[in-house]
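Each of the next two complexes has chain A plus one more chain, namely chain B in the first and chain C in the second.
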Partner chain A sequence: MNIIVCVKQVLDPDIPPAKFKVDSASKQVVPPEGIPPVINPYDAQAVELALRLKEKQGGKITVLTVGSDGADKAVKYAISMGADDGFVLSDEVFEGSDSFSMAYILSKAVEKIGEYDLVLCGRQAADWDEGLVGSIIAESLGTSLVTLAEDAEVVDEGLKVKRVTLDGYQAFIVPTPAVVTVSNEVGQARLPSGLGIISAARRQIPVWKAADTGIDPSLVGSAAARRKLFALSVPARERKCEIIEGETPAEAATKLAERLREAGAI
Partner chain B sequence: MAENKGILICGEVVDGKLAAITAELLGAGKKLSAELEQPLGALLIGKDIEEVAQETIGLGADRAYTIDGPAFLDSLPDLYVALIAAACEKLQPSVVILGQTDMGRDVAPRLAAKLKTTAVLDCVGLEIDPETRALLQTRPVYGGNATAVWVTESQPQIATLRPRSVMAAESDTSRTGEIEPLPIVVEDSAIKGKLVETVKTEVEGIKLEDAKVIVAGGGGIGGPEGFEKLRELASLLGGTVGVTRVPCDEGWLPLTMEIGQTGRIVGPDLYIAVGISGAPQHMAGCSGSKCIVTINKDPDANLFKESNFGIVGDYKQVMPAFIEKCRELLSS
Partner chain C sequence: MEQGFDAIVVGAGPAGCACAYKLAKAGLQALVIDRGKFAGAKNMWGGAFYGAELLELLPDFLEEAPFERYVTRQKISFLTVEDCLSIDFASPKFSQPAPHGFVILRSKFDRWFADKAQEAGAIVAPGLGADDLLWDGHRVTGIKAGNDELPASAVIACDGANSVMAQKAGLQTELSPEDMKQGVKEVIELPREVIEQRFNLSGREGMAWEFAGSCTQGLPGGGFIYTNQDSISIGIVAQLNALVKRKIQANDLLEGFKSHPEVARLIEGGKLVEYSGHLIPVSGINMMPELYRDGFLVAGDAAALVLGTGLILEGANFAVASGIAAAETVIKAKEKGDFSRESLSTYQKLLEESYVLKDLKTFKKAPHFLENPHIYNLYPELACDLARRIFIGDGQPRKTTWNTLRGSLKGKASLLQILPDLWWGKGAI
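Presenting the complex of A and B:
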């Protein structure tokens, strides 16, 4: 089974909220110093699902990422988890692309790779949380699609995929090639092995430019974007917190109950 | 090309009734329709839905459109994508709003692709820019760390609306409007695959989304046993228990109880957070609570900043006396 996994590098979502800053004037997030970006956690879980499928079926896992300097790190991370191969899609003309252009760039790379049964993407990227790219890749490739997968297995007619719903799940059987977006219900992604890290570090990740995959430059970049950022801010969530103290934890607890009663909260 | 016009909301019918999100979509739609001075349409897919379609008129739709089809959870999403895309092609609306639900989050991206436009998912605010007349779509980004307002530069402007983020429209049964069935035939080739099963896990007791009181536990609880105390408090206060990501990752409790960006979005009157640090991805799901109480042994825990009341201490020492006093106060 040939699996292609699309990954992205994001600002580490685990940074303490106090470190998160935006520049509202330029509508940009100010990356905190000294904290390196990480592979989008949902994408790492997509790699995880790919590895589980490969362990059962055999096959090959190829990783794709769109990005500029340092983007190969996300590919290398996936390789250190156990993926076989990867490519970075990078070109000046990609700058400012929206999810539709990203999906187009990725679809062209998928087509260039040619032989594939399954394309996996994370359900959303932990930076802009848009949740669009995977679905649009399916649309542009004309394949079947299941979103928010918590599990997938190979069956006679194709792929059986469980989709997380608010109150349970749905199971679908879809023909391959298919695109599947992966939800966190898949479970934690494995950590790279020591050996994996060493061999990934040695790898040169090939870079494909727009022309290498036959991309029409007029369909990518900020000029092609179908949406624009109008404003970006940090939400005001702070409240005035009344800290309840006491000689003992029990005393504080008793006072808290009384205060909540006074405030009409209980 | 004719200009796109009007607002179309894609309502939902569950078990033959209008799902709660529909009245919220109509609430949002009514406001936009007034701001844009364009009509509001409601699209419903289901079997024998004339009566529920009539309800959408009472809730503010100028016209209701019905499509004969199965419930979303009883079909392949491909069908809904094809049906709604065909309806949009026929009606040429300027704004399309779906719920950020099982249906909307799956359908909206592909609907956008088919209509050669884009979609902004999980919006918590929708309004019309008085200057440009564009739809301003406000949504949390970066796991709740930031709020973005997006403008769509293609037509139609498609958004999904997070449940319970706007007031539901109120019904006025004296309103009148037409119900128009849309005969749409979907080619077999548009449906790729089949539905094998839909499994609904019944929740015991109160649903988190409906709870007035939630006692939530995080990594600080330390294991499944610790949640006994939280359950005791929750049942005393007539509420229910929720969790952060950590207890799910640890296997103490199921992911169906997770509150946050990728879990449930809740808005109780009282949110008691025990052993929770207050990560933005968690707060994204509970910051709408009226009163937040934090019990955490770390005085620097972020959650204190976003709480109304707090105790710095070990929950094991705080909870017994707190439960005792609550019981006493509630029985007096």
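Presenting the complex of A and C:
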């Protein structure tokens, strides 16, 4: 079974809140100094599901990521977990791409790889939490799609996927090739082994530019984005302390209620 | 199965990165592993690197390295609870990025240094810790990491103070609190202009500022401030056994230090963005383990290569120098095809020929001398009191400076108390 896993690098969720900054002028998150990004934890769980399928079925796991300098680290992390191969998709024209363009970039790479039975994505990226790219990849590739999978197994008709619902699960059987987005219910992603880390560290991850996968530059980048971010800022939290006094507790309570109503709190 | 490495370097700090870089440049198969998520993730120091090693080792250091500022002002202050007497040294010789000193934040710098080692051909594997050594009789033959066995001709322990590797190799016993200082540090963010204005700096100029006196409440140790580009590193170093004995928390000392009137104004309005703590081996050559055995070398903090003279506390330059010496030793051993204890004894010789062991020998008596409490309470008090008497005009007729000094001493200390300190200090520092 040939599985392709799409992974993204995100800000390390472990960074202390004091280090999180946005630049409202450029509407971008300012990467914290000295703390490198990590593989999106949901994507690591997608790699985990791929590894479980491979352990049962055999096959090959190829990892794709879109990014610039240091993006190979995400691919290497997946390889250190046990993935076989990977590519970084990197080009200046990709800058500012929205989810549609990202899915297009990844789909073109999937098509270039050619033989595949399954494309796995994490349920969403831990930075923006949108969860769009996986579904749009299915649309661009014209495959079947199951979102929020907690498990999958190969059956005669294709792939049997358990999809998480509010208080249980749905079971789908889909023909392959298919796109499946993986939910956190799949369980902890395995930690890389020592030999895995070393073999990943030894690898050079090939970089595919737009032309390498036949991408039309007019369909990617900020110019092609179908929506624009209007504003980005860290919400200002204000705290104020007022002492409400009164002759009697009842009077103080009345004043408090009036004050709260005035402030729009009740 | 992996083929064996020529060398496995445990720990991607200054010692480990320098060692791996040098090994890789010589064409050896070197692996450097680090327990942290990335090189530098768990590493900590006060903030300044002194010495020429990095410039010599890395030709593009000045253009490329993510250092914060170079040290152009060196300041030493003596504190009492209220007062502060300072010596502020600046020299045109410091006004360019000479190999004098650099202020560096480790999380950025170590990652860059590890990348350099990787570019040179070393395999850098963060997220991987060494749990044990592999043995063939008396010879170390590699490391165990989790369930994996990684064979190597030589293992170089650069895993910092309290080195698990040196202990597993039987070279180091458990460390004792008498030999350690505890360092705690905060990084406080401030706008660049504010830092430059408060510390009288411009461009990449930076200040290294050491404090002695009330900031450690009389415990052996001191305070420090280093200026980064957009933040200030501020911390306290204090003798571990004294902290335990006096039941004082190092972070309480730091809070006290930060609220000293002279210090509080420097960090006012800043935002705390990082807090860290670390142990520093400070007994120098008195606690140094054996530095090598068959197939095994120890470098940097792991080998207690730290120099404290009271005025300075340096370790990173010793780490880099020892990492390079370890690499040179392994390169020679590989040429000879001999990684025995005898062959690796070159390491000791190289360190003895360099300033590393020479300095530690010169200041052999310093660690013991620096336990003298007079240094941390009596002398700062005297110095500030003398300054107060000299600089304050109170309408009384002035005395000669000598008589003013005698006035300061009166009731605090006699010459008979001070003379032995001077005599002792002459030989120690």
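The working rule: the second predicted complex is superposed on the first by the 235 of 266 C-alpha atoms of A that agree within 3 Å, B and C clash if a C-alpha of one lies under 4 Å from a C-alpha of the other, contacts with A are read in each partner's own complex, and residues count from 1 in each chain.
Just so it is clear, a residue touches a chain if its C-beta (ideal position, glycine included) is under 8 Å from a C-beta of that chain, and two chains touch if they have at least 3 such contacts.
These figures come from a predicted structure and were not determined experimentally.
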{"item": "Touched partner set for A:Glu95, first chain B, second chain C, both or neither", "value": "neither"}
{"item": "First (chain B), second (chain C), both or neither touched by A:Ile266", "value": "first"}
{"item": "Touching partner for A:Glu111 - first (chain B), second (chain C), both, neither", "value": "neither"}
{"item": "Chain B versus chain C as contact partner of A:Asp216, first or second or both or neither", "value": "neither"}
{"item": "Between chain B and chain C, more extensive residue contact with chain A", "value": "B"}
{"item": "Which of chain B and chain C A:Glu33 touches, first, second, both or neither", "value": "second"}
{"item": "First, second, both or neither for A:Glu258, with chain B first and chain C second", "value": "first"}
{"item": "Which superposed partner A:Asp23 touches (first chain B, second chain C, both, neither)", "value": "neither"}
{"item": "First, second, both or neither for A:Gly194, with chain B first and chain C second", "value": "second"}
{"item": "Contacts of A:Glu55 with chain B and chain C, given as first, second, both or neither", "value": "neither"}
{"item": "On chain A, the residue positions that both chain B and chain C contact, one per complex", "value": "16, 18"}
{"item": "Residues on chain A engaged by chain B in the complex (per definition of touch)", "value": "11, 13-14, 16-18, 20, 22, 29, 98-100, 103, 126-132, 135-136, 138-140, 143-148, 158, 160, 165-175, 178, 183-185, 188, 225-235, 237-244, 248-254, 256-261, 263, 265-266"}
{"item": "Residues of chain B touching chain A in the complex", "value": "73, 76-78, 101-102, 105-106, 109-110, 112-114, 117-122, 129, 136, 139-154, 192-201, 203, 213, 237, 245, 249, 255-256, 261-262, 269-270, 278-281, 283, 287, 290-294, 302, 304-314, 317-322, 324-326, 329-330"}
{"item": "Complex contact set, residues of chain C against chain A", "value": "2, 31, 33, 37-38, 40, 105, 107-108, 111, 118, 123-128, 145-148, 150, 271-274"}
{"item": "Partner chain C, residues of chain A touching it in the complex", "value": "12, 16, 18-19, 33-36, 38, 80, 192-195, 197-199, 201-202"}
